[in-house]
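Look at the two complexes coming up: chain A is in both, with chain B in one and chain C in the other.
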Partner chain A sequence: MSARWTLSLGGLVVAVAALAHAAGGGMSLPRTIEAGSAFSIQTPGSGNARLYIIGTGQVLKRDVQLGHALFFAAGSLFNAGHYLVVLAGDSSTETESFDVVPGNRPSNLSFLAKPSRLPVGLHDGITGAVYVFDAYHNLISAPTPVSFELSSPSGTVQKRATVARDGAAWVQMDSTAVQGVDKFVARVGDISSARIVGQVPGDPCGLKMTAQPSGQQVLLVTDAVRDCNGNAVPDGTIVTFTETYDGTQSTIDEPLKRGVAQVTISARNGALFSVASGVAMGNQIHWEK
Partner chain B sequence: MTKGHLLAGLLGVLTVVLVLIGTEWPVPSAVAYAGGGSILRSSSTPEAAATNLADEIRTQAWDKAYASLANKAQFTEGEFKRDLTGYYPSLRTYATLESYEVFPLHESADDAEIRVKLHWSTVVGTSVSTHDMQMIKNGDDWEAEWPIVREVVVPPQVIAVNYLRWDVIYRGPGDDWGIQDVEAPHVRIVDMHPVERAEGVVILGELLNEDVVPADVSVTATLLSKDQSPIATEASFDKISHLLLPKQVTPFLIEFPNVTLSQVGSVRMVPISTLVSASADPVIEIGDQQLNPAPGASLTGQLINQSGQIVNVAHVLGTFYDKTGQVVWIADQYIDRALLPQTPVPFEIHIPQDLASKVSSQRTVVATYSSGAAQ
Partner chain C sequence: MSRSFLILYTVLTAASATATAQPVLRIEAANLQSSRPMQDQTGKAAIRDYLQSWQTLGAALEQNRAGLLDSDFVGSAKNTFTATIQQQAALGISTRYQDRSHDLQFVFYSPDGLSIELTDNVEYDVQLLDQGRIKTTQHVSGRYLVVLTPAEVRWKVRVFQGTPR
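Right after this comes the complex of A and B.
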């Protein structure tokens, strides 16, 4: 709506409100209406007039014959909020107001799950927040029961039940000890919304390598790299091999492939090999032919 | 005619005269910088011959430079040029010779040894190459024997590569509010240490990608005064390895010129990470790393490309620790030659003189760029 229309409408509202106050009211209308429901307004007197219903984001205008009821079909008013009713006749103007409230039947959920990826075994690591809306996307402010369910591929299910207040409810869940893709569901009545949460392995734990001759070089191979919960650390994770010999050092950052990392490195008598990944240190091998 | 017109006329005539004089009898340096020849014409001394050669390299007069060499029969002009500009695309390929220095090492009646330091201007700063040349007297003139370094020829072969690659699908612009996007990688600053240097305050630290996906990272620091008002904000820029694979650690260095540590009350650090598509290839071995003591303290070693693709630009970052394991300095070097498969390329990172005695250990990482490769 243009600024000019807004100003005109605002001026009209102020003018008719003053006139109505002087004339007294006679319209009959409900104090509250559920969003989207049908309703009627009974008008007083006789003759012709024009009825305005003005609210947030919605304005209705009807020509009415005074003394009769004016019917509004379902879906006429759907935005929750406070509405002003103005009945403008030839000789007088009358105003009333009513509220459009959200419906009680949840129809839509906005579900925010954070994070979408986290390490296993993290207490209160997953947060779910849900916002409950009616069929016309009005936030349902009445207390509404909400249930949350986090299920992991291992079959573990965490459930929480709470009540949405002022349209919002939230919950914290633990990540389980097993890696995989969890399904996180928020449910209100028969409405539900699902999100995916990836549980990934933590830091490598008990990192161990072995060394064996490979021609003129040494082949260093790690055991299958796992975190402290026994989950296989994913391929691509960098493992750093270091050779220290006679004051010099050689390093190779090698990504895990099929669960293990391996490199061939120069074989020098007395060399010390070590292995690490991120902040996790592994074993050391003193190389003697 | 007014005095103003007379003065304008005189100035115009004077300008024309000076242009004619400059064109007819130009100073040698002007000719050289215009690409019309070298500053020194005579090669009657070893230093003059070396200077002429360097000047011809600067003006990219490859034919003249090659023709002036005493050992040109040992290699072609193309090999000579590629020795200087690189056999494969690299930082040197797009560099220009900014300046040079000539140092006599030894001289007798018939031969001499000259060291030439060439200062190349590259996209990431100045790169210096040093060449020790034997100078031979040929009649009245001296000629240089160019110490050519031929590129190692990698035998034709197939190298099977099966390293991982990560691709990312982000949420679309039309997705509803509340639809989750792919999570940014979780990164953590595992060490941070402000130090004061002559040029200002420097923040040293290390950043770990503790996630299972690759991350494009940077670090921003804000110095706060004792009353918590911000003094300055700077980022790590190129003193960091921006691509971090899972569990990889990079050092970072952030400079605050013209700030003293006494002005600083606290530091606010912000690590920034973005999920990016990446490849675990190539793998670079950093071999024979050695800390060399002062004077001229440095970290030397060699890079060995263990993959099949050519690495065009390599950036070596050295983190130096004291005996307690605290970071005391971070330094870097760009390698101006391409890394060929299985071919060692040396590097040398200089350590500031005043910090050399504090350095007890080091950790080196290398970031790479390959043109045409999927990053």
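Right after this comes the complex of A and C.
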């Protein structure tokens, strides 16, 4: 039969869960122990023996006087996992087992946000994955509420709430319409972890140029180049001007400078000028003097 | 359960000196939390590397050689096992772990593809030796939570944690 109680010992609270062996002459020990908690193991019989606690996470070995309880102070066993308890006497060996379980108070988050930089206005473009750990870096497997928050410099905030299962949770967020540096935060209780996500302008949108005579040539100048959300496309972005005349084509690539691109081309009557940047096509101008 | 299927899995990697039989592998249908579908090849590679990690861990704990862990473990799993090996060496003990069967299920695949979590209901034997003398041999049924992350050419175990079954 299992029992559950709390034993106070000189100010030290020893949380003892259900006993694996409460009667029958064998070892008496908890079935589960919270990571880092104090616990005790009552040994049967008389004489001397050696007690081993073995697991992949930790091993302990103690000499014991049989018939007495062996106390393990808080912090003795802190790695979650399955442990064998082996009591080896002169003539016999007894074996029991228990589990060390993670604490239920989250203390550490492992938060990975991707990507660190992306264009504005992407649906589900930002992903976050989080693993929830206790103070001893054991993965907390019990369902744990997790919230995610993505805030942009413009003040817009996206929030998502989910539950970590088996210690893991994830989220997808949209990049916002405004370029800048967003703060991406994962939060569990009073523990949080933040990442920075840079949002850059998207592809040019509504690309438009004008043409005006410049001596014997024509000056082609774009309007300020912006993406579909109105963010200025960064300087250095290549704009391609194309002239089609008498069945031949010539192109000039110009980087944006101060938000616009401009180029001077020979003014030939009947020439067709067009402008493009990346996948965005702009307007066309048929040049007639 | 009904969705599960049994695979007699041939461990492609070399067995440790203590290995006496290849473990039986059962793979449950994935119950993934993720927006990202897991490619068959990715799943197979993760399972292959995870099973290999048991061989490596067994050898490292038996020989008390933490250096063996480098090929299959990183992060907290590697740190934990390294500490365990140091404790064993200081106490004059060693342990032999021999996995007998694995019942695996993928439970999480991060949207960026940079971590996989699986559960493993595993049957294994563990033997305790003190100063080279066998103290006990026990058969254990355990459940493990495992997180794998990609390294240069393989998946490595980052979290390896027993949980109550």
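One rule holds for everything that comes next: the second predicted complex is superposed on the first by the 259 of 289 C-alpha atoms of A that agree within 3 Å, B and C clash if a C-alpha of one lies under 4 Å from a C-alpha of the other, contacts with A are read in each partner's own complex, and residues count from 1 in each chain.
Quick note on the criterion: a contact is a pair of C-beta atoms (placed from the backbone, for glycine too) under 8 Å apart; a residue touches a chain by one contact, two chains touch by 3 or more.
Fair warning: this is a prediction, and the values are worked out from it, not measured in the lab.
**Student:** Would you sort A:T237 into first (chain B), second (chain C), both or neither based on which partner it touches?
**Tutor:** A:T237 contacts chain B only, not chain C.
**Student:** After superposition on the shared chain, which partner residues are touched by A:G247: those of chain B (first), chain C (second), both, or neither?
**Tutor:** Touch partner of A:G247: chain B, not chain C.
**Student:** Using the superposition on chain A described above, determine whether A:A88 touches chain B (first), chain C (second), both, or neither.
**Tutor:** second
**Student:** Just chain B (first), just chain C (second), both, or neither: which does A:L112 touch?
**Tutor:** Both partners, chain B and chain C.
**Student:** Examine A:S277 and indicate which partner it touches, taking first as chain B and second as chain C; both and neither are also allowed.
**Tutor:** It touches chain B, and chain C stays clear.
**Student:** Regarding the shared-chain residue A:F39, is it in contact with chain B (first), chain C (second), both, or neither?
**Tutor:** After superposition on chain A, A:F39 lies in contact with neither partner.
**Student:** Should A:T56 be classified as contacting the first partner (chain B), the second (chain C), both, or neither?
**Tutor:** In the superposition, A:T56 contacts chain C only.
**Student:** On the A-aligned overlay, A:G167 touches which partner chain: chain B = first, chain C = second, or both, or neither?
**Tutor:** In the superposition, A:G167 touches chain C alone.
**Student:** Taking the stated contact definition, name every residue in chain A that is touched by chain B in one complex and by chain C in the other, in rising order.
**Tutor:** The overlap between the chain B and chain C interfaces on chain A comprises residues 112, 114, 131.
**Student:** If we count contacts the way the header does, which residues on chain A are in touch with chain B in the complex?
**Tutor:** 110-117, 131, 193, 195-196, 200-201, 203-204, 233-239, 247-255, 257, 263, 265-266, 277-280
**Student:** Using the touch definition up top, name the residues of chain B that touch chain A in the complex.
**Tutor:** Answer in residue numbers: 162-164, 166, 176-178, 180-183, 190, 208-214, 245-249, 280, 283-291, 301, 306, 362-365.
**Student:** Can you list the chain C residues touching chain A in their complex?
**Tutor:** 33-35, 57, 61, 76, 80-81, 83-84, 87-88, 91, 93, 95, 97, 107-108, 110-112, 114-115, 117, 119, 126, 128, 130, 135-136, 138, 140, 142, 145, 147, 159-164
**Student:** Can you name the residues of chain A that touch chain C in the complex?
**Tutor:** Those in contact with chain C are residues 32, 50, 52, 54-61, 79-82, 84, 86, 88, 93, 95, 97, 99, 101-102, 112, 114, 124, 127, 129, 131, 137-139, 141, 165-170, 172.
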